[in-house]
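Common to both upcoming complexes is chain A, partnered first by chain B, then by chain C.
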Partner chain A sequence: MDKNSSHRLKRRWLKVAHFIGLFLAMLVICLPGLWIVLSSLRPTVEIMAKPPVWIPRDISLDAYRAMFGGAGQGGIPVWEYFRNSLIISITSTIIALIVGMAGGYAFARYKFKGKSGVFLGFMLTRAVPGIALSLPLFMIFARVGIIDTHFAMILIYVALNVPFTIWLIDGFFRQVPKDLAEAAQIDGCTRWQAFWQVEFPLAAPGIASAGIFAFLTSWNEYALASQITRSVNSKTLPVGLLDYTSEFTIDWRGMCALAVVMIIPALTLTFIIQKHLVSGLTFGAVKG
Partner chain B sequence: MAPVTLKKLVKSYGNVDVVHGIDLEVKDREFIALVGPSGCGKSTTLRMIAGLEDISGGVVEIGGKPVNDLPPRARNISMVFQSYALYPHMTVRENMGFSLKIGKVAQAEIDTRVNEAAAILDLDKYMDRRPSQLSGGQRQRVAMGRAIVRKPDVFLFDEPLSNLDAKLRTQVRTEIKRLHARVQATMIYVTHDQVEAMTLSDRIVIMRDGHIEQVGTPEEVFKRPATRFVAGFIGSPPMNLNEATVDSGKLVFAGGESLPLPAEFRSKVAAGDKVIFGLRPDDIYPTGHGINSGEATDVHEMQLPVSITEPLGNETLLFITMAQREWVSRMLNPRPMGAGEVVKFSFDLSQAHLFSPESGKTLRG
Partner chain C sequence: MKFPKLSAPTLLLLPAIIVLAAVIVLPLLFSLYSSFTPFRLTKPESIWVFIGVRNYVSVLTNYEFWAAFGRTVLLLTIALNAEMFLGLGLAMLVNKATRGQRILRTLMMFPMMFSPVLVGFQFKFLFNDNIGFVNNALQSLGLTTNAIPWLIDGNLALFSIIIAEVWSSTSVFAILILAGLLAMPQEPVEAARVDGCTPWQTFRYVTWPYLMPFAFIAMTIRSLDVARAYDIVKIMTDGGPAKRTELLWTLVGRTAYSDARMGLANAMAYISILLSILFTVYFFRKLAAARQQIGAEW
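Entry: the complex of A and B
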């Protein structure tokens, strides 16, 4: 065998090994998700069976039917929870993005006193575990009288997300060369126009990804929501999962069904937006 | 009509002054180059004219009116950046028409003007591409096109050629010169490359440490440098500059070697004065091989050994050691010459310069 073909063979083997490695990694990541979907379709007996039943024998959509069936048939107010989750997540994401853009831009472009101190402070708030805040938040919110409202949850999630969006968006604005905004100003733009015409479109993919992060954080958050929300007025989907636990039993099937319902919008949104996350858009702006 | 005038222009960052009150008058339609080593304040000065940098003191006037408080967009200027600063999310056409679109010019008019500029710069084929799909030279041309389309009173260039390779640089340099002839606007050009400054401009402003060292035509700054710094900065290879002491009609160098004191300076210095003696490589040459051989009037000849030769084809640079210092000589129509060979050199003292070692100023007066 000559050198060329042995080299080719080696490359092919490497490729196969590469695929096997990738497959195993993806399996580890995807299996729990797959298991949730499967469990939502199987009867509790099968879910709890020991040893586990790997291949489902009895598949039905009963859990979904019951969930949307309303109270009395084992249903939960899933539409209300869904609405609450949407309102709270979307509003808090929009606010966090607006504040994040303003803050991120300021950190990226301006010099001011205590800049690094403020920035570090933002980062430190990320170090506080959310659950540690639940009791003080509960007491304050109870005094103010905003327990069990959308407003309270939006406030919490904005506070939770803003440091992170500022940090992310700061990084994206830093990547947009300063020259571009200056060129736009010379071309006749005001600062404001230069921002919207040039800097914003270039940082937009980054801002979108910050938006995804903020949305998913609010959408999936459980610890704080479980303390502050009380009723269908403001309960979000993660808290709604608890409706499937009762004193002595847990309806695993129903819980998994609700989890699937929760995952779908998040997955769809991420999928839609990530298509727009075209990186390397700024390439070619300046020398290169 | 847009002359640009700087009056006592100052830029400081905190307590540090980077531009120390410079005065400059740029005439209408003049091409002026600001040149100097990095950190001399030339870019800062340009950015103050553009309105991208706050003015700490003094006045910038464009077209006779102070513009200190006007934002860049109200100054009717165009600027070509070192990095080109093309908008990556727009096509070449959109890039060039951007200023007109912002200015709410009718689309038909935008198209005409963009196409006109594209024709001048030979960009017709690339109008629908993005900047990332263009080569460096093409991006440079788009940046110039964007500047032209606006029909500004003043063009500002911030080291526009420094990202291009050497061959392209000479080519675009010619294009800029042609552009100036064509658009008849005032142009202010910042560069650290003295060759660009010399070839392009009507007048050159040589800056150093936030001060203007000299303003003059390329010929003036080359032939009659006002300071030792200008003498060393303009011209390549740089002027030979060495310290000497005046002694009864002679300039005595370290090691006791001497040259006659050039006639022009006899009344300007006294015995015992320390001076900096400057002579360009063009004015030191193996006898008969000089650029000014024919018309030299005050020639001193000397036998000296050559230490290194650098042949360049039409000329050869010779490095010679005299007075414990290395001097560079330029030999035209070179003949083969080996290191160590002793050659008779002509020193054309009519072209010599003397500078004060303290102030660095010329002693020509």
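Entry: the complex of A and C
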């Protein structure tokens, strides 16, 4: 009996510790973001106040109204930046996923000469930081005449994302047992059908997470975008964010508001795709 | 099988190879060439003058370069270890949670949605010595009376940058390790428990070897992302105060764009890229070894 109750006590203590740990971790993760959101809603006077005002007295959407209202007169064309970011990120993610799926499948399912070498070569292209790539790309794109276009940015982001998507998708196809596709083929599927009906659904959560990573990379990239995009035609939000600070002294409230605008689509998209991340991997054929 | 064995993978890999060659390999060859010239942005014709390895010699004998190099390695080591440790802890915590896992997972990915530019501004805001959250909180709690110059003092500035780095990238580790935890078969863990392993032993000898490939994937990705430090550092301190937080890539950026000495900057970039490649190869081999250990086919 005594042993039982001490065990139960230990269990409860562990549960409490787990809860506190989780709570603290989430607090550290979320607090900076929440602080940004809060600051975007407060008047500048309150942000600057000394001693600090902890409980907001005056909440308003003025910063957002100013941002979306005043395009043209010193205001930033947030709508255009937003649209550019969306077009460039989504298109490049889809292309990177298609290219990455083909490549990842090749690495996971085929044996060929120099496989390790090719794989390593792909990864090494990621060792090149945006800053190092930006100048030669700028000169070449200017010569070809695609500077400041969506096409140029999409091309760049596909190239940036492909090695990583291949890597992730390779890993996820690897976890789908070969036997499943072979069984399907014995049952009369072609290799193409076996892929779409057996292997793809099982690897889909992994592919979704690769897609999230690719989207976020494109959505957030700054070093290259700041060189290749020149005007409203193709400027993305991260570049637009810097516009904000060069035109005024740092306007913390406005910055915070634009930051919130940048976060919302990323947040939504991640949340939608996430469902697929959970379901597939844990149950079904992989385990049984 | 319809295709002969060799052509199928080649066909599948072709799109990737074409894209990477066009956007990364060719420009790199171009910049490699320009690193052997005294190319300046302001003098386009200087691209045709060949000066051999003079740029490389002047980079390698430059004290500032080696200082930035050392600082980058220091930042990388501290940040990667902290992220690895915290990411593992976070993944385990979330994996153990019985309720609200979906929400937790979304919250966990929160920092990844912040672009490095945003992270930089956010922490510049939080660490601001006058109106920043951190100083305000410390003062309101009575822990200190004077404003701590987080971004103005040389050592504190590097520390603040490391905090920003860790905050923004721990979730990369956590997500990948969590994916590993979810994909991991439960039988070995149950078997270990039945055989009388303590939780620590179960973790050390059963769970960890399974997670290692995922951790190394995260390591490799992150070690290559040192460039991310460029955006964050650029915005938080711009290499200051007095170049105490100058990293390799801010130095390259300054040489290329402020001083307009593109040839020299490219030479510097190549040496830095070499460093990244060494890290990649190192983690890649670790990854292959870890995969072999859990019996995956390579």
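The rule we apply is simple: the second predicted complex is superposed on the first by the 259 of 288 C-alpha atoms of A that agree within 3 Å, B and C clash if a C-alpha of one lies under 4 Å from a C-alpha of the other, contacts with A are read in each partner's own complex, and residues count from 1 in each chain.
Everything that follows uses one rule, which is that a contact is a pair of C-beta atoms (placed from the backbone, for glycine too) under 8 Å apart; a residue touches a chain by one contact, two chains touch by 3 or more.
Just so you know, these numbers come straight off a predicted model, no measurement behind them.
In the overlay built on the shared chain, the residue A:156 is in contact with chain C alone; chain B does not reach it.
In the superposition on chain A, contact of A:91 is made with neither chain B nor chain C. Once the two complexes are laid over each other on the shared chain, residue contacts for A:182 go to chain B alone; chain C is not touched.
More residues of chain A lie in contact with C than with the other chain of the pair chain B and chain C. Applying the stated contact rule after C-alpha superposition, one finds that A:197 touches chain B and leaves chain C untouched.
Contacts of A:44 after superposition on the shared chain: neither chain B nor chain C is touched.
By the document's definition of touching, of the two partners only chain C reaches A:174; chain B does not. The intersection of chain A residues touching chain B with those touching chain C, taken from the two complexes, comprises 281-282, 286-287.
The touching residues of chain A, counted against chain C in their complex, run 18, 21-22, 25-26, 28-30, 32-33, 35-36, 39, 47-48, 50-52, 54, 98-100, 102-103, 105-107, 110, 112-113, 116, 118, 120, 122-133, 135-137, 139-140, 155-156, 158-159, 162-164, 166-168, 171, 174-175, 191, 206, 209, 212, 216, 219-223, 238, 241-242, 252, 255-256, 259, 262-263, 266-267, 270-271, 274-275, 277-278, 281-282, 286-287.
The part of chain B that touches chain A in the complex is made up of residues 50-52, 71-73, 77-79, 81-89, 98-99, 102-103, 130-134, 136, 139, 146, 150, 163.
The touching residues of chain C, counted against chain A in their complex, run 1-2, 5-6, 8-10, 12-13, 15-16, 19-20, 22-28, 30-31, 34, 89-90, 93-94, 96-97, 101-102, 104-118, 121-123, 125-126, 130-131, 133, 136, 139-140, 167, 171, 175, 179, 182-183, 185-186, 213, 217, 220-221, 224, 226-227, 230-231, 249, 252-253, 256, 262, 266, 269, 272-273, 276-277, 280-281, 284, 288, 296-297. Contact residues of chain A toward chain B in the complex are 177, 179-180, 182-190, 193, 197-198, 201-202, 281-287.
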